[in-house]
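Read from first to last, the chains carry the letters A, B, C and D; within each, the first residue is number 1.
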Amino acid sequence: MRRGLMAEFQGPDALAAAIRALRDEGYRRLDAYLPLPHRAVEEALALPKSPLAWFVLGGGLLGATVAYVGMWWTNAVDYPLNIGSRPAHAMPAFIPITFELTVLFAGLAAFFGWAWLCRLPRLWHPVFEIEGFERASIDGYFLAVDARDPRYAADVSMRRLTALGARRVLRVGEEAPA
Amino acid sequence: MRPTRRDFLRTLSAAAAAWGLEGCLQVDKGQIVPYVRRPPESVPGRADTYATSVEVDGYGVGVLGECHTGHPTKLEGNPLHPASLGALGAAEQARILDLYDRDRLRALLHDGRPAAWDAFLARFGARGDAPWVRRAGEGLCLLLAPTASPLRARLIEELLALYPRASVRFSGGDVARWEAARQAFGEPLEPRYDLTRATRIVSLDADFLADEPNWIRWSRDWAVRRRVHGPDGEMSRTYVVESFVTPTGVAADHRLAVPGNEVVHVGAALLGALAQAGLPVPIAARASLERSAHRAWAEAVARDLVACRGEVAVFVGRRQPVAAHLVGIALNAALGGPVTWAPSPLLGAGTAAFDAAALVDALRGGAVDTLVTLETNPAFELSPDLGWATAAAKARERVHLAYLPDETAESATWLLPALHDFERWGDTRAYDGTAAPVQPLVRPLVAGHTPDGVLAMLAGDRAPDLRDRLARRWGERLEAALPRGVFDDTAAAPAPRRDVDWDAVARALPSPAADAGLVLDLVRDPRTDDGRRAHNVWLRELPEPVTKLVYDNAAVLAPATAARLGVANEDVVEIRRGDAAIRLPVWVLAGQAEGAVAVWTGYGRRAGGALAPQHGVDVSPLRTGREPWIVPGVEVRATGERHALATTQPHRDPHGRPILLRRTLADWRADPQFAVAQNTPPPSLLPNRSDVPRTQQWGMVVDQTLCTGCSACVVACVAENNIPMVGKAQVRLGREMHWLRIDVYDGARGPAFQPMMCVHCEKAPCEYVCPVNATSHSHDGINEMTYNRCVGTRYCSNNCPYKVRRFNWLEWHRGDEDVLRMHANPDVTVRARGVMEKCTYCVQRLRGAEIEARTGGRPIEAVPVTTACAQTCPTGALVFGLVSDPGAEVSKRRAELHAYAVLNEVGTFPRTRHLARIENPNPDLRS
Amino acid sequence: MSAPFRPIADTWLRVGLGATVLVVAGGPVVLWGYMRSPLFTTTGQAVDQPVEFDHRHHVRDDGISCEYCHFDAWRAAPAGVPSTDLCMNCHSQVWNDSPLTEPLRRSWFEDRPIAWNRVHQVPDFVFFDHRAHVTRGVACETCHGRVDLMPRVEQVATLQMGWCLDCHRAPERYVRPPEDVAVMGYTPTIPGARIVAELDLRPPLRCSGCHR
Amino acid sequence: MTTPPGARLLVGRWDDASLTDKLLEPVQRPAPASRAVLLVTGLGAAMLFATMGYVFVTGIGVFGNNIPVAWGFPIINFVWWIGIGHAGTFISAILLLLEQPWRSSLNRIAEGMTLFAVMQAGLYPILHLGRPWFAYWLVPYPSTMSMWPQFMSALTWDMAAISTYFTISLLFWYQGLVPDLAAARDRAQSDRARRIYGLFALGWRNSAWHWRHWRRSQLLLAGLATPLVLSVHSIVSMDFATSKLPGWHSMIFPPYFVAGAIFSGFAMVLTLVIPLRRLYRLKAVLTPRHLDLLAKLTLVTSLVVSYSYASEFFIAWYGGVEYEKYTLLTERPFGPYATGFWIMIVCNVFVPQLLWSRRVRASTVALWVISILVNVGMWFERFVLIVTSQRADFLPSSFGEYTPSLIDWMVFAGTISFFLFLFTLLIRFVPFVPIAENKEQLH
């Protein structure tokens, strides 16, 4: 959010109620900032399902393939040696590493997928410039309305937020930050 | 180690390479230094073999020396030499290390100061200023180690011709044996045994398979009659009467443990039993039988011997007194076995020249002006009661020729550096009289001389050319003999058959034994050649065959004796006789004769190289000239102190596990298939890729019936494979490095040996656990160890059921100087710290043979190749070869019914098979 | 309270992360290349010798075969650097007063060997046998390159294990008839596979073939 | 889970701000003792690295290992440390999947413990190598040698398992920490602290969008870590189980090792948490109920471990293999290292039975003592497992003895110091009780 309104609410429930109300009124570009994960808030925002599970699946499959094919190629194709008279393509013996690399790649996908979906790391963001925003990680419950929202109209929206119980409402991005 | 610049750069670049950081460091690849004038026969990188011979107790043994670019690295027995037939013992194998001993004398010392040989000549040469030079040698006395060298005999003759009043004497010698022969036959003869014709062998305290002169040949011959191919085969029977458990005692079918002083009584009882059986022996011997505690034993043995009359050989050990040797002569004569008598090849044998007491008397009387001791060490070897030190001090000049600064060297006025066996010219004579040339394998590393050279110089030769003298002694025969290593047809003919003076035998029969109390049995340590090789680390770290002790000697006690004295292993006891006492740690050994303490001699040296004085206790305070070996009436008491001993095998109880299979021949006949189950691989889900018959499959067979535990194989392996020695402390930690070990397990019928090295499992458990492919299987059945790939997880050792893998816990080669590295076999990698190693079937030899075969267009079967251990085994207990070649000896032995796989049930498919130990006990005897 | 970071911080962060990724991922690649480069393998570095010996002259101008001096290669593991007496076979007659051959004469008359600088060195744990190669159709040229064109000899092949395995795995790509091994600039006429079959070549791929 | 009164997971009345401040207090106002603890444990860690340097330079002969006991202390301690790690993952991952709210107070400590324990464990496999500078040969990479690792070896599995375990644990732990680092950033008292926490918080903005992905990702990582935690010690056990040694060659090892690992891990959590909650007055979030639950799980895992012991002996007897029988029925209970065996039995089988008693579970002192004894017992389990199986295997000729050297003890003591040093650093600089998750409890 580069420009818009930021309203602070009393708690997660008030925040969720406000979001629901605004969405009912047709607001779409809403975002919330709150110090804990809260299902009601997320549901109210109607956030889409996270695609992370697909990333993880892809990572896992990639890991399994890399591991198994790698072991098969190195030990049975590229330089097959007679090791204890066992078959060079030692399927059961390849399972543990295949499993471990599945988990490893899937885990990396989960972590880096999360970072990518959240666009992290990003040390500076306009919202950090908002006075009192640091309380978002302590006890601040913020609702942000993006100026690009179809229903956005600075003054109207501001009043509407106050009416919904916001303790205070701030304008964001009016004075362009340096 | 004093690191050289190259070492430093190499280490640096290795470290840099390891981290991929080599950068701009210019690698110094070293230099190649070719000859200026290349000797026509030399091929760099290929070993040259020269035949020579060495003296063991004065008797010659033929050896082949393997030399790499001029320095010898490995010895093998000379197959053409009758005392070797290709085999060598541990002590002989280890002589190669002496050559590179950093403690050897390097320069002539006069009164402790370096001097030139010219100074020596100026004093003792033909126009020297020594007083005896002008007095026909009066006052000159020479003491030599026993020798049979024809060249030395001639040089002594020359010297005596020049100085007729000089006296030449010898140290050591089997004086009792010669004396007994003199009494029985009128001449100091020595027995000659043909064990290939002996089906019954009786040993009265004779370790004839590991220590008596000619033991290597006797082991070979003994094996001929001992080896049994199947349940319907025949094998000889061996009885041993002894105190300490010797390798011969372990290999025997019956071993009667009695203190050393009772051996003669058992012998006499046996003679009595023969008399009882009607053989023409002094009837007086029956008295010995009747009062013997071992009467039943003697009678049963006698019945067996009488039944095999004509095929019996009786040995009497060199520790035994004259009476025992006389009894032995009588037994041999009565039983008429393959034993003949011949004059000893040793110079002066049976004469006063060997009388040490007379020598000391002469010295004490001041009759000796100049005492010359040549490669003999009387200051340590003679019993202290003779008073050598004070007597020798009366000689004005004491000239001593020695390889190492030994005890005698300490009081020498002239100390002459000796040349090593492999730096000299000369000759030897074997036990059977066969002469053999001695030729150098390497140009002398020091300006030294041999006894022959010193004799020649004393006789007036200013610059003795021994090769020339040898040529003069042997004439044209020398050139023919040098490449072969023997002078053909020089064996001595046996003396004409002579009747035994039975009266002498009857006189020698022992009177009833008084209770001698506890008997101290001093036992020669064949490993260090009675202390003469105590400086040689290969021999000091070689486990004693039965106790598996290294470095130290110990008071070996039977369990019952130890219990009576209230002592256990490593407790220090004091052994006292009169005023003299020594303190020794105890080692309890089942099988040791009760009522006797056995102690190895040759320990506790006071000088003789850095290692010689370390570890062990000198027993000589309890020794006397009269009783040099068997000391009755000693007191033993616990002191409460402890002394740590190092053994390579702390556990000997097989726990009933079928590891060392042993059967009597009779049992085998009853159950011919007893080993088959142990030779049938257990079922497995996995295919055996090595099972596919292919050309060229190597394998080994270990015949446990024939293994005498002599440990020659162990030292041969050390020499061939650059195996490091680690020292007593590390052995105590369990870190000895021998690839080949000889396990000993106790059993109901006494202990038995099991040589154990990597058995090259076809389904090797070590291989599949290595994470980096450092150990893998070759197409020809070798379990390969690639040192340079090893990262040292030691997982392979964990998973080896045979525990034959050895790990380089530390940098064992730290401290090796360049000259010491010269003994290393250049065909084998010297392992750095942190890598695993193990028996490779001497793969360097096999690959060499393979290249030889492939480049020469010959089949591999046609290239003679074997492992170092199998090559040197005196009894042929180790057989190596191509198991894929049905005609090969190893294939035939492998197919025998008593072949089995050790730990067969673990499913490792060992390529090396063991043959069950077959014993042939007398059915009339219980043990 | 103001924001903890300025917007430029993100730029720095990206640069830092990028550099980290570059080092972590690129480091091994650089190392991979370095281990194969002449910097590490010392290929292509002509080595100075105590005698200015020119292979071009001896091989090309004089037509001396490799085997004349390096005859050990046909019968032993090391190829051998000739001893002084071999050089003196000719140089006692020709160029016997040239300053270029002075080191030879000094060596000969003072009985002091010439210390040649090594060009090829394999580690101590590698047991390479020339005989097993040159008598079995592996040419001098295959490993040592066109020595006949080198004024000072340089290492051509990496002598790394992977390089050895290239040929041991597919000898037919490299072998020639054994009588032609000393030929320089050889053009193959017989298919390698036929030579492999005729000579029954089975180069070892097991470890003890080279490591003992 | 229904929460009975008096056994609450959060004691007292809190709001978002006060709870945050309470949980950030250890970071912002470190306990005076922490500097001294850091100094002492830091010296111990320095000794560890000095000793390791000595071992690298001299060779591993300075350890007491030998043939046959080729593994000895390094692997004993490796397995012990790896085992300790397991409870952390169990608490953070499995309890998250099972939606056990009580994990939220404990998971960060437990997971930190996991990471640091795995770090200690990870030192040993490298340190104990004969040539540690070639450890990278276990990793497949295109070398100039054209050589590859040998993947039938359990050691390659081990390496994959441990590095995966460490990586996943680290990511899971760090990701869970990011919102709390943001809280620390936003409550920082100095600019420097704000920057540093801010850097590690990655610019976390607490947006609902972030939270959604965060929660999803945490759940997925928990789902991955759960089979992982079961696999890691299974694979460690395969170092032994795939070998042929009597006492190692056993099918029961994977579950037996996992149970033992979680058992020792819970004990270690108790060992660490009990003094911590007193030192930082965190009894409000680390309540008696937490300790009670940990104690109960310790008891359960003890019973599984006891069953495994019984099964081993039964199979050795019932299977009738001579070597197995000797190792398990003679060597372990009556051999030269029997003392270790009986310590193991007493500490792992008998002592935890005290936890049946509610009074014992309620006594922090008793719990702490028991947890220490379990740690000791589990160490001896590894000692018995490794030393008795190695020192007497197939051929009696090769039976040997084992005595750890001074260096062995120094390295072991050093890893304990290093572990405590890292742990002290953790509680000094990182909010070690999760803030956001505890706030969830408020709402």
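One rule holds for everything that comes next: a residue touches a chain if its C-beta (ideal position, glycine included) is under 8 Å from a C-beta of that chain, and two chains touch if they have at least 3 such contacts.
The structure displayed is predicted, hence computed values, not measured ones.
Of all the chains shown, the one with its CA centroid nearest the global CA centroid is B. If you compare A-B with A-C, the chain pair joined by more contacting C-beta pairs is A-B. In whole angstrom, the spacing between the mean C-alpha positions of subunit A and subunit B is 80. Separating the centre of subunit A from that of subunit C, both taken as means of CA atoms, is a distance of 58 Å.
Centroids built from CA atoms put subunit D at 30 Å from subunit A. Remark: subunit C and subunit D have CA centroids separated by 52 Å (rounded to whole angstrom).
Residues of subunit A in contact with two or more other chains: 79, 81-84, 86, 93, 121-125, 128, 134. For subunit D, the set of residues touching two or more other chains reads 146-150, 152, 154, 156, 185, 198-199, 203. For subunit C, the set of residues touching two or more other chains reads 4-5, 10, 13, 35, 165, 206. If touching chains are joined by edges, the resulting network of the protein chains shown connects every chain directly with every other.
Against subunit C, the residues of subunit A that register as touching in their complex are 79, 81-82, 121-125, 128-129, 131-132, 134, 177.
Interface of subunit C with subunit D (complex): residues 4-5, 10, 13, 28, 32, 35-36, 158, 160-163, 165. Only residues 17, 20, 22-24, 27, 29-38, 43-46, 776-779, 782, 784, 786-789, 827-830, 840, 843-844, 847, 851, 854-855 of subunit B touch subunit C when the two sit together in their complex. Looking at the complex, you find that subunit B touches subunit D at residues 15, 18-19, 649-657, 659, 730, 733-735, 741, 743-745, 754, 756, 765, 768-773, 789-795, 797-799, 801-803, 805-811, 832-836, 902-903, 906.
The touching residues of subunit B, counted against subunit A in their complex, run 686-690, 761-768, 770, 773, 776-779, 909.
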